[in-house]
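Next up: the structures, one after another.
Each of the two complexes below includes subunit A, the first together with subunit B, the second together with subunit C.
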Partner chain A sequence: MISRTRLLTRRLILAGLAASVLAPIAALAADAPKVIRIGLPLVGTGNRPVGGSWNFATVQIKGSLEQEFKADGIRIEWNNFKGAGPALNEAIANKLIDVFAIGDLPGIVGKASGLKTKIIAADNRRYAYAIGVPADSQARSIEDLKGKKLAIFKGTAIQLGFGKFLSRHGLSEKDFKIINMDSNTATAALATKDVDALFTAPSALYPLEDRGVAKVIYNERHDPAAANDRGQAYVVATEDFEKAHPEVVQRIVNVLVREAAWSADEKNRSALLQLWAKSGTPFSAYRRDYEGQGFKEALSPLLDEEFVANIQRNVSESQKLKLVRGSVDAAGWVDRKYLDAALKSNGLTNFWTPLDAGGKPKK
Partner chain B sequence: MKPRHRQRILAALILTAFGTPALAAPNTVELEKQLKALQEYVRSLQSQLQAVKDAQPTTTPGAAAAGPDENVASKDDINGLQADLENFKYQLQRDRDTRTALSARALNVSGVIQARYGATDAAVNTGGNSANAVNGRNNSFDLGAVLIGFNGNLYKDYEDGRNLDYTLRFGTSPQQGTNNSFLNLIDANLTYHILPTISADAGRLSVTFGQQLLPFGQEVQATEDLKPTINNALFTSPGSLDLARRQVGLIFRGDAFPVVDYGYNYRAPILTYAFGLVNGNGPNKSDDNNNKDLVGRVALTLPSDYNSWLRQLSFGASIYRGKQNVFVNSGADLVDKGKKDRFGFDLAYNHHPFGVTYEYTEGRDEYATGTKAAYSVAERKSRAHTGTFFYNIGEQFVKGYRAQGRYDDWWPKSYQPFYRYDRFDPNTAALRDEIKVHTLGLNVFFAETSKFQLNLNRTTFAATDKTTNDLLAQFQFGF
Partner chain C sequence: MTTSFSLALPGGQTLGHIGRRLGGLGLALLLPAAMLYLWQLAATHEWVTPLLLPAPAMVLQALVDLHDSGELWEHLGISLGRVGWGYLAGVVLGLVLGAAMGLSKTVEAYLMPSFKAVSLVPVLGWLPLFIMLIGIEEGLKVLIIAKAVIVPVTINTVKGIRNIAPGHFEVARIYRFSPLQTLTRLIVPSALPSLATGLRLGLANAWMALVAVELLAASEGVGFLMVHSRQLFQLDMVMASMVVIGVTGWVLDRILQSIEQRLLAWRVTAY
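And then the complex of A and B:
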């Protein structure tokens, strides 16, 4: 028979254990937001809120964040902006977004103009661009398109990619009649020959090529000169949200890292492309776009020296091309603590190889 | 190796082996030797054949039965696709013939309906004949306005965007004591974009010819971004400075030195301008004199990035100089032409989530007194102040936010409380004749083209020393 003292002691221990387990949960419940407002500059065909190519797109399609926060009753609000990065910046300036993924140029413009944000993980860092022309066009290179109507999506990472591409060829936007169009409008315009060329992601052009209405005359992925000029995207949290809910930010990064590791496994390659194909861009277009490009490298979440150096280089390029006023200190913008903790807690500390500023594996 | 090939090889070998001895008959020993040699040769060939077979990749027995290559479309596939295409073409043609509104050029049909309930503590009474009399009305259901519009493109310039556009709009509003609310022609005009419109970085210039709104001040041309109230400001109405009435004429509108922040998709020209000539006597009429009235406006917006506290801070100045016919004998006798001048100054700071606007307007009208034979002309000066403050709760006015990819018919619900002060003094020389309106209101934006509006107006008439309180509740919806 158990004595009353022992029973009391046992109850006290149990109560203590329960308190130690429940206290963080209670604290989380007290501090936890009711909703996490996510922003993505990705919209699929027919205005569907689905994108591809980015790790955050995979997370959205798989509903991984919903699963992570379901038990806490925290709602995930997805905002897929048709106006891409610039519209996302507008929403952030008006304090309507907590965590978001964004591409090179709008991310830099937002930071340079004073948006208080922190980069918490890398997203796609091997983005490539291509030039598409109507199927019967005589143009074979960018030089053949001088003075012609060329569509780009201004204010997005595409504009910076285009600027860098032109610099490599000794050209500038003034050599063309530039028309600002979002990606879906631009592909339609190319199909109807309302524009003479379109500079965008290869995966947006291949479906047109398959339909016989356009052809790709240049693909950055096959251009050795562009090997170090890849576009990149990153995941960012607003400072307000990060300060108020660091534990929520940590769990978001945990999810991102797990999904990036899943995508890195080559046996999941087809499954990943199938997920992205839900955006309306065909599986085959993504397959061709990423031919020869491993997703372990492309979707590495590491905030390594290469990533930071690329941002700093893109800041300089943006300033040179007069796409941004002000400056950005890339190293100060990056906050590695959430990523480091996520890699450690998921046993992925040595899963990805960090790259040095030159893009070589760091010894 | 296929049997037929083997037979051919054997036949060739036999011919080779026996071809020469056929000329001289061989003996039995020789024949046996040759047969042995032949057998050796066949064995050698068989071993070579086996080696070749071993080197080839093995194919599973079921491989041939796995079916046709899935990357190659069969004739049945193409027939199926063709049938689908034919069905689609037929359906499209049939729908076009029987269920589609057609026009010779691009056409956009739009409409606005205001369904309203109004109540006042000052009962409305009118005299007049029995059909139109109003007897002690304190409240009423009304259609505040019903508008239907058509606009589109008469010529589309694919190269530079120097398009030729048209606008046609009809509308009606409630009539006091009568049910004759016929649709009136409101806008009917052509607009040509003189400067290219394809680049946001360049200034723009267009010219509009026909019946249109005057580019005077803020209130007259304000969209719901800057005008939260149901009623227009007092100075715009026909009884006062009469600036909201459409006029027929030719007006240029443009902007220069645009500040474009592509990182936020934000364009704000530093200079916005308009100038033109109009008849000056209102819509749907020929001019009533030979003088054309001049209207002009310039507005300056401070250059800034989107994420700056200076965003959308602008100052404007407007002028209208014209002539109007003047009468004596209660409008029965035309005696002369007098000035009809308006001057205005305005500022707007529309910085989501709040906005402030202020507008000062002054009018100078000449009028005649006396008789037709002996009259004199005098000037009456009038003055108006209109100020508005509003606060947005929600994302209705964040342009990029509301354009999202969504599966459902999503729209960000928004609430906009506001306050407006409106004062009009019809004659600054006369004492106690001004009207003041304080309006407290709330707008609820609940769908893309629909909103609910609630306005409480407190109006003070200095001339009669009376104050009235009105409530207006209105659903405005459009398509």
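And then the complex of A and C:
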């Protein structure tokens, strides 16, 4: 009996010793998250959880992150918000999101409100907007739409794009009857002529034009005056997640950079638009939206001078339009270390040309 | 058992005593004060991130800002205008419909089942149809508010008229009341308490319908202010709008209540 007890004790001590030695190693392994919660302010037609136009949308459709983290047993959880950026901001405040992509206005609003985040890469930086009217409308320009019902999705990047568009024409929101609608509701309302005009992404309007229910009377992409007013989207990590899992953040940026490089190759242009068409917005609509716009430039992940200057300018535009309170220091928000490492490890250091604050290639 | 009972009793008495001393107002403010305290507590301890639950002081500041910029009164004026028109239309239609159904069994037999069926379908269900018929501008808002008002006004009018004792009509006949006299001297005074209930319920419904309809499609009004502030991640503004909506609804109800008391004063003295 005694010897047995002693044996048991000895075993227990051994087990305890083993546990104390192994625990830190186990903790190290547990350090990797079980799941990465990603937030995207993009949905497709019928609010399906698939978007287009953004590099992060490509990554979602291709399943590139799933591939990257499969061996580690890390699950990727996608959260596509039909309420777009504003809904995404609420989810971030509730600590439900680790890494996300977001457009100009909600990104700035969230940061100015005190969300603790860091920009880790640029996403689509050549966003343009367009105006659609019902097919039988007499309106030919924004001036013809004064006093009419115009739909925009307030609180999203579209509102800032609209504000900048109006400033260029010396107008303000007060010159119209503005109706706030999410993207899918707005396209339906335009088709039924419940609104006189819709200001949104060109790719959302061209399908209506093809069906003969609407026509596009203005596309910012072909307006030289708007050349420096493009919308921007960017990839952001919460500080909590970035501090806890820097190696995971690094691998996410690696994947993003590789996909951006793939999209930059003009021979992949059709394949890319086909992928985006999974959102329900047809291939042809994306083709017309990005006519004359190369994806090497549009999807360049670089956090260069142009990118930072644009954010700073959008901050002051948003303040002028009273869409944001407080301020944001763009330079302090950007964290280049993951991007730089990703470019280096993928041999892409000189692949994209950095642009200066004026959008010109930097020597 | 006994001890706890005897302990609870004096406590309750003192509380009731204080309540009586301070008048009804003190008791009415007890719950809001407790909520406010809990809210402040939650804010200071950051149980919820201040981004989503701003401190009471921030909400107060938002209210002051809204007042100073004049935005508050602009939005409130627009909302009250919508409620005014919708309420007026709803009350007129509700009274006519209710009187017709209350006075005539035949009319009731024809209309009541359809009326009930229509009134049970929520506003959201009617919305696409309404939009198709009258678009999404002011008319839609007024129509939806009117619809919310008609239901309680009609039902309470019918009830008020139905509950008049048949004997009173016999007396009216003996005195050879003209139909107009029957209406003004018998039906309206007798049905007034029930009518007043309908009118107050109608107003409460109107105010709630307004906020719902401004959330859907609008570019001004307090409901819009709330939804737009949320889009811009300004939760203090959202809560300030909630305060404005709640207080305005309460004030409207108090106004109607005092009118009702004045109109029914004869009844109180009669007892």
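The rule is short, and it goes like this: the second predicted complex is superposed on the first by the 335 of 363 C-alpha atoms of A that agree within 3 Å, B and C clash if a C-alpha of one lies under 4 Å from a C-alpha of the other, contacts with A are read in each partner's own complex, and residues count from 1 in each chain.
Convention: a contact is a pair of C-beta atoms (placed from the backbone, for glycine too) under 8 Å apart; a residue touches a chain by one contact, two chains touch by 3 or more.
Just so it is clear, the model here is predicted, and its values are computed rather than measured.
Trainee: Based on the shared subunit A superposition, would you classify subunit B and subunit C as clashing or fitting together?
Mentor: Aligned through their shared chain, the two binders clash on subunit A.
Trainee: Quick one: classify A:G110 as touching subunit B (first), subunit C (second), both or neither.
Mentor: both
Trainee: Output check: A:F81 vs subunit B and subunit C. Expected answer is one of first, second, both, neither. What do you get?
Mentor: Touch status of A:F81: first partner only.
Trainee: State whether A:V324 touches subunit B only (first), subunit C only (second), both chains, or neither.
Mentor: both
Trainee: One more residue to check, A:P49. First (subunit B), second (subunit C), both or neither?
Mentor: The answer is first: A:P49 touches subunit B but not subunit C.
Trainee: Between subunit B and subunit C, which makes contact with more of the residues in subunit A?
Mentor: B
Trainee: Check whether A:K154 is in contact with subunit B, with subunit C, with both or with neither, and answer first, second, both or neither.
Mentor: both
Trainee: May I ask you to decide whether A:L256 touches subunit B, subunit C, both, or neither, giving the answer as first, second, both or neither?
Mentor: neither
Trainee: In the overlaid three-chain picture, which partner chain does A:A91 touch, first (subunit B) or second (subunit C), both, or neither?
Mentor: first
Trainee: Subunit A residues touched by both subunit B and subunit C?
Mentor: Dual-contact residues (subunit A): 86, 89-90, 93-94, 106, 109-110, 113-115, 149, 154-155, 177-180, 194, 323-325.
Trainee: Which stretch or stretches of subunit A touch subunit B in the complex?
Mentor: By the definition above, subunit A touches subunit B via 42-44, 47-50, 79-83, 85-91, 93-94, 96, 105-106, 109-110, 113-115, 149, 154-155, 159, 177-180, 194, 323-325.
Trainee: Name, in rising order, each residue of subunit C that touches subunit A in their complex.
Mentor: 49-52, 131-132, 135-137, 217-219, 224, 227-228, 230-234
Trainee: Report the residues of subunit A in contact with subunit C in the complex, numbered from low to high.
Mentor: Touching subunit C: residues 86, 89-90, 93-94, 106, 109-110, 113-115, 149, 154-156, 177-181, 189, 192, 194-195, 323-325 of subunit A.
Trainee: What residues on subunit B touch subunit A, complex-wise?
Mentor: Touch residues, subunit B against subunit A: 158-159, 198-200, 261-266, 305-308, 352-353, 395, 398-401, 403-407.
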